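Look at the two complexes coming up: chain A is in both, with chain B in one and chain C in the other.
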Partner chain A sequence: MPWQKKPFSQHVRKLQASITPGTILIILPGRYRGKRVVFLKQLSSGLLLKFVITISTKIDISSVKIPIHFTDAYFKKKKLPKPKHQEGEIFDTEKEKYEITEQRKFNQKAVDLQILPKIKVVPQLQGYLHSVFSHK
Partner chain B sequence: MVFGCFVEVGRVPSISLGPHPGKLVGIVYAIAQNRAWADGPCSLVRRQVMPFKSMELTDFILNFPHGTGQRYVRQDWQKAEINTKWAATRWALQTETRDRKAEMTDFDHYKVRKAKKMRNRIIKLDVRKLQKAALLECAAAAAAAEFPAKTMAAADKKATAPKAAGQHAAPPKTQEGQNTPAQKAPAPKASGKKA
Partner chain C sequence: MSERLWSKAIFVGYEWDLWSQREHMALLKIEGVFAPDGTEFCLGKRCAYVYKVKDNKVTPGGKPNKTRVIWGKITCAHGTIVMVHVKFQRNLPAKVIGLRIRVMMYPSGI
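What follows is the complex of A and B.
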């Protein structure tokens, strides 16, 4: 039956027609709330794009190549193994801290280098993206 | 209160309601107590019946007899250059800026904020300069009052010098205000709206 319930991974991800690659968005929830960002592409999980304000300003990023391996799995938070208590020790041993991998840094730079010149072309856009959105 | 604008044949009202808000038409004939036959050949409004209630009278009157054909309404309109005169009125400018403001994006708001900030800084600096100059003047005048005859000449020189400098640095109040959203609106947007 076509309307049988599908698991989340098979749900159809819809996207607002106004959000296309290069659109500027304002992120509303989470650590980056109020930040203005450039939309690159929609991932298969459709995460987050409901909680976003779309600005009608767009940048032309048609020539920007986004690494193919930017998928949900790539961006998923890594669960760090909790240190096991050794005998006799009551307090936690040093926790493993989250380290930014070299691969991430490399990819970030690769994408930034492509996008920054596109942003600089539009006057005042860089300052705008730097600023934070608020309802005051 | 004496009324100066009347509903009459040839009056050019602006339409406020219906499918053609903001456009100008010419009243061709008053059909009934509350309706008129109106035509806007130069403002892309077809000849049609329109209620007076949807009209806001402007100061423009065209001179044609009642029931004239569209061709003559157009001729009169173009001769009177209604479109250019209308665009120059405050009314039209205000509606235009109001529409532009309504269509401002978040990016435009940001640009306006920055422009206002810059303008206010310029004004503040110049106000401070004038204040300084005024203070110097006062000080010089006070000095002159205390030591009349001798230092009068010297004080005069001092007073005139900073005063001249203060006047010179009068605030170049950039006439942004209403036009700021217009100026700062991105080019494609502006052209899209004008069309």
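What follows is the complex of A and C.
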């Protein structure tokens, strides 16, 4: 029945009509606030959609192939296992640090190589994407 | 160049009925909002009262520091003077009246 409450994972994520692949967005909260980014695709969780400002500038990325395994699970923050203390080693166990996996670096480069030429085509867009948005 | 991504607002006071004050809702006057379509843009946006305290506290995404926040949300417009009702997660302390509240630009609908 449509009026029964669905769990969050089954909610329909609506995307604003103004956001299409290739749109430039400004990220509002978080570590990257004020940064201008290119929208690639919508993930099934609908993450971030309400936390960006859309700009009317778009670049054509119809020919850009985005790896299929870019899903929410790929981007989820990895919880590092806490070191288990064993006998006699209480002060020796080291904390695991977050390391960027080779797969991530490879994927990042693969996408960048496709998108950077598209950005360079538009005059001044590269500098614009470099700059940060702020109120003043 | 500053990196401000929030609008400036002032905590004007609490919500009133005819004779008494209701502290669970706050009234905010947002800088730059002079007309009703300005308040329409602001509805649903998050607000924050940011303050500093003596003790350090854990900050998400950073080292523990002395800054603390009370988060709130703009619920509806208030009257023709173009102010705005805000519901904070905890009621604002009265000594903040006349002081700065930040109005964030998210959740954004543009």
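Keep in mind that, in the parts below, the second predicted complex is superposed on the first by the 127 of 136 C-alpha atoms of A that agree within 3 Å, B and C clash if a C-alpha of one lies under 4 Å from a C-alpha of the other, contacts with A are read in each partner's own complex, and residues count from 1 in each chain.
In this text, contacts are C-beta pairs under 8 Å (C-beta built on N, C-alpha and C of every residue); 3 or more make two chains touch, one makes a residue touch a chain.
For clarity, every value in this text was computed on a predicted model and none was experimentally measured.
Q: Based on the superposed arrangement around chain A, label chain B with chain C as either clash or fit.
A: Once both complexes are aligned on chain A, chain B and chain C fit side by side.
Q: Pick one for A:24: touches chain B only (first), chain C only (second), both, or neither.
A: first
Q: After superposing on the shared chain, does chain C or chain B touch more chain A residues?
A: Looking at chain A, the partner in contact with more of its residues is C.
Q: Thinking of the overlay built on chain A, is A:133 touched by chain B (first), by chain C (second), by both, or by neither?
A: The answer is both, since A:133 touches chain B and chain C.
Q: On the A-aligned overlay, A:34 touches which partner chain: chain B = first, chain C = second, or both, or neither?
A: After superposing on A, A:34 lies in contact with chain C but is clear of chain B.
Q: Given the touch rule stated above, what does A:9 touch, chain B (first), chain C (second), both, or neither?
A: neither
Q: At the CA centre of chain A, how far apart in angle are the CA centres of chain B and chain C, to the nearest 10 degrees?
A: The three centres form an angle at chain A of 70 degrees.
Q: Which partner chains sit in contact with A:125 here, chain B, chain C, both or neither? Use first/second/both/neither.
A: In the superposed model, A:125 contacts chain B only, not chain C.
Q: Applying the touch criterion given at the start, work out whether A:57 contacts chain B, chain C, both or neither, answering first, second, both or neither.
A: After superposition on chain A, A:57 lies in contact with chain B alone.
Q: Nearest CA pair across chain B and chain C in the overlay: distance in Å?
A: In this superposition, no C-alpha atom of chain B lies closer than 13 Å to one of chain C.
Q: Can you pull the chain A residues that chain B and chain C both touch?
A: 53, 133
Q: Per the contact definition, I'd like the list of chain C residues that touch chain A in the complex.
A: 1-7, 61, 104-110
Q: For chain A, which residues count as touching chain C in their complex?
A: Listed in rising order, the residues are 16, 18, 28-31, 33-34, 50-54, 132-136.
Q: Note which residues of chain A are touching chain B in the complex, please.
A: Contact set of chain A toward chain B: 24, 26, 36, 53, 55-57, 124-125, 127-128, 131, 133.
Q: Mind pulling up the chain B residues that touch chain A in the complex?
A: These residues of chain B touch chain A: 105-107, 110-111, 114, 186.
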